[in-house]
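The structure appears right after this line, and notes come after that.
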Amino acid sequence: MDLAQTYELWRALMVEGDANWWQTFFVRFYQTFIEANRWQSYLEGVGVTLIVTAVALAIGVVLGILVAMVRTAHDQQRPGRPKNPVLGILNIICKVYVTIIRGTPMMVQILIMGLVVFASSRNFTMVGALTLGINSGAYVAEIIRGGLMSLDSGQMEAGRSLGLNYIDTMRFIVIPQAFKAILPSLGNEFIVLLKDTSLISIIGGQEMVYFARNIVNRTFDAMFPLIGAAVIYLILVMIFTWLQGKLERRLRQGDRR
Amino acid sequence: MIDVKHLSKSFGDHLVLDDISEHISEGEKVVVIGPSGSGKSTFLRCLNLLELPTKGTITFNGTVITDPKADIDGVRRQMGMVFQHFNLFPNMTIRRNITLAPVRTGLMKQEEANDTASALLRRVGLEEKADAYPGQLSGGQKQRIAIVRALAMKPKVMLFDEPTSALDPEMVGEVLEVMKELADEGMTMVVVTHEMGFAREVGTRVLFMDGGKILEQNEPHAFFANPQQARTKEFLSKVL
Amino acid sequence: MKHMKKLLVLGLALAMSVGLLTACSNGSQDAGTANTPAATDSQSPAPEASDPAEGTATGDYGDFASELVNPGQLIMVTNASFPPYEMTDDANNVIGIDPEIAQAIADKLGLELVIDNIDFDAALISVQENRADVTLAGLTYREDRDLVMDFTDPYATGVQVIIVREGDTTIAGTNDDLQLVDADGNVLEDIQIGVQRGTTGEIYCQDAHGVDHVTSLDNGSVAVQALLNDQVDCVVIDNGPAQEYVAATPGLEILEASYVTEQYCAAVDEGNTALLNAINTALNELIEDGTVQAIMDKYIAAE
């Protein structure tokens, strides 16, 4: 029997109050995902969610690297020598940024960014992505800084003692090793970001939860769309966790080759 | 070659080096001994500015390297350093460990650096390890590679910071052997070590440090046969 | 590609059924008692059946006591960001037209009124999962919403209106398809409409202009802020909240032309006919004796 016909039939039963558990489940499932091609808007939401996550992560990583570089370079200035004043000012700016971002809730940041800071932008989705990116930058910076700091200081000393300058030592010796150490944390940050994209719906960012809630408003059935969105997030996260594990294994193999 | 004047170094309130003046001439093999905490490692690390002196000047071949304007990277290229914990770069092959600095600093082209690396590796009997990673080597092998890595920069002086302290006893010999050969070729060396046999056999001069000062120094034979200071005697009686 | 889509839907169905099994397991006991007896009991008025000990109901409202979440309480759930129907005062009490009507209904039924103020989606689930008895949240009846909830008779008339920035003459009104038009009747193609999430205005605007031209914001005040910021061109929202927002926010005005007229209902869980009937009876009494009108007049300045 045709699915649409079954839906109409069982829906009528449900209105009468005569539908059984399975029929009710089917009707609610159908009207949440299939009726009026609603599954397309979930897919659209997934696409937006992935784009927003990618944009946010790109911004976050760039910001994070910059902040981590400034802060690490500042902290690794040699004691006893006069400090670089430009680095000092940059370091203060970075510290303030990290403190504010890590000290305020994501939801408040999104509201402020969407309605106050970027009040002139009509692209709520990208404002949301930007906000997530700026937020992520603070966490990525701390992840990178932790990775750089955790590396044995002997590596830096060995590089410098060979006559390599600071930049080259960082580039060829410290950063490649730190990267491997921070990859798991970066992967987690990506997954956190992926899930946090759901928050941008409060300022009208059109990601998956936004579409799911549109459907809620039409059917007043909140459970199916929300669980549907949750399942999609879960599948996405599982895929990315798997990919991350693969990447880490490959990197580790590089060590033993 | 290296001229140290009134060198002091403190970490916070803790005075580690107390007004040291010393001269190291070309071709000398200076062995620095002393109890732990005596400041001998710090002294060595000051020589290539891994530690910044609190006071005093260090002059290397006429360059005042303690001057903030000195090209410290350029100076370090002429001073090889070998660490207690090897500090090989685990993310690179042995060949790249050796060739990275010569190539990046413009000393050699990659092919030339590769040839140099191969030649040096052959000398220490590890040429088959060129494509291995540090994680696949034993401690003794790692330290020999570390020496080769420093030598690839064609340094004028080699600094050794307790090069055998982190090794299993059976591996100490192979590293000391490489160092002896290096000494025989006329390399200027400053070696912080607990290997008294090496000091006696290879050193041209032994410095005994304690409490941040050089308490006593002499040529090895006289130093070990006839120590002058009570602290030196006490130390030697414990280690010999 | 077609196969991929089918597979995806199938996979979702599988995954969701697992999720739902767990979600349903804790709600199943009350669901069982709430749904099946309701259909039979409510058909027979049976005044003798009502237990006199149950309460101090002032009239005959049928035997709904067994349908309540907590005996002796009418738990109303709402999302208090819809002035003047529901909002919070400075002490975070939920006030407004809906709470007062609910209070009047509870008085009639001899029940103590309890108000839960939560997110709109959560309010709907609350009633469907028997954590609350009834929701009054300026809800509008729509046929496709009828599947999971039962709606009472209407108690108020809602009008969707268009808020624009003061002096903005680009938007003149709507055409028959509810599309926003300029003074010459041309459809405004590039328009961005701000709406409050969960309102019928959201649905109408999405249907008329497409999802891409509608920005749903978490509540009306955020939508109004976006309008002030020039982030949207107008806000379509129920007249009640619109009046409040425009009164509180200089620089905005409501267009003369209204958008849609509709009616507000309360809603109970699907199949909870006994409670639905009781509330309907009480509600209609309150409408007849003018109580509802008096509550309306208290909150909405006479027009």
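For clarity, chains are labelled A, B and C in written order, and residue numbers in each chain start from 1.
In the analysis below, a residue touches a chain if its C-beta (ideal position, glycine included) is under 8 Å from a C-beta of that chain, and two chains touch if they have at least 3 such contacts.
Computed from a predicted model, the values in this text were never measured in an experiment.
Enquirer: Taking the mean of each chain's Cα atoms, which chain ends up nearest the overall Cα mean?
Expert: That would be A.
Enquirer: Farthest from chain C in C-alpha centre terms, which chain would that be?
Expert: Ranked by distance of C-alpha centres from chain C, the top chain is B.
Enquirer: My parser should flag the chain pair with the most contacts; which pair should that be?
Expert: More C-beta pairs are in contact between A-C than between any other chains.
Enquirer: Express in whole angstrom the distance between the two chain centres, defined as the mean CA positions of chain A and chain B.
Expert: 48
Enquirer: When the C-alpha atoms of chain B and chain C are each averaged to a single point, how far apart are the two points in Å?
Expert: Their C-alpha centroids are separated by 80 Å.
Enquirer: From the mean C-alpha coordinate of chain A to that of chain C, what's the distance rounded to whole Å?
Expert: Computed from C-alpha means, the inter-chain centre distance equals 33 Å.
Enquirer: Over in the complex, which chain B residues touch chain A? Could you list them?
Expert: Where chain B meets chain A, its residues are 48, 50, 52, 54, 68, 73-74, 76-81, 83, 85, 87-92, 100-101, 104-105, 133, 135-136, 149-150, 153.
Enquirer: Any idea which chain A residues touch chain C in the complex?
Expert: Against chain C, the touching part of chain A is residues 11, 14-15, 17, 25, 27-29, 31, 33-34, 39, 41, 43, 111, 115, 119-122, 124, 201-204, 206, 210-211, 213-214, 216-224, 226-228, 230-232, 234-235.
Enquirer: Contact residues on chain A for chain B in the complex?
Expert: 78-82, 152, 154-155, 157-165, 168, 172-173, 176-177, 180, 255-257
Enquirer: Could you pull out which chain C residues touch chain A in their complex?
Expert: 5, 8-9, 11-13, 15-17, 19-20, 23, 35, 39, 121-122, 124-125, 128-129, 142, 144-149, 192, 194, 197-199, 202-203, 206, 211-212, 215-218, 222, 225-226, 229-232, 267, 270-271
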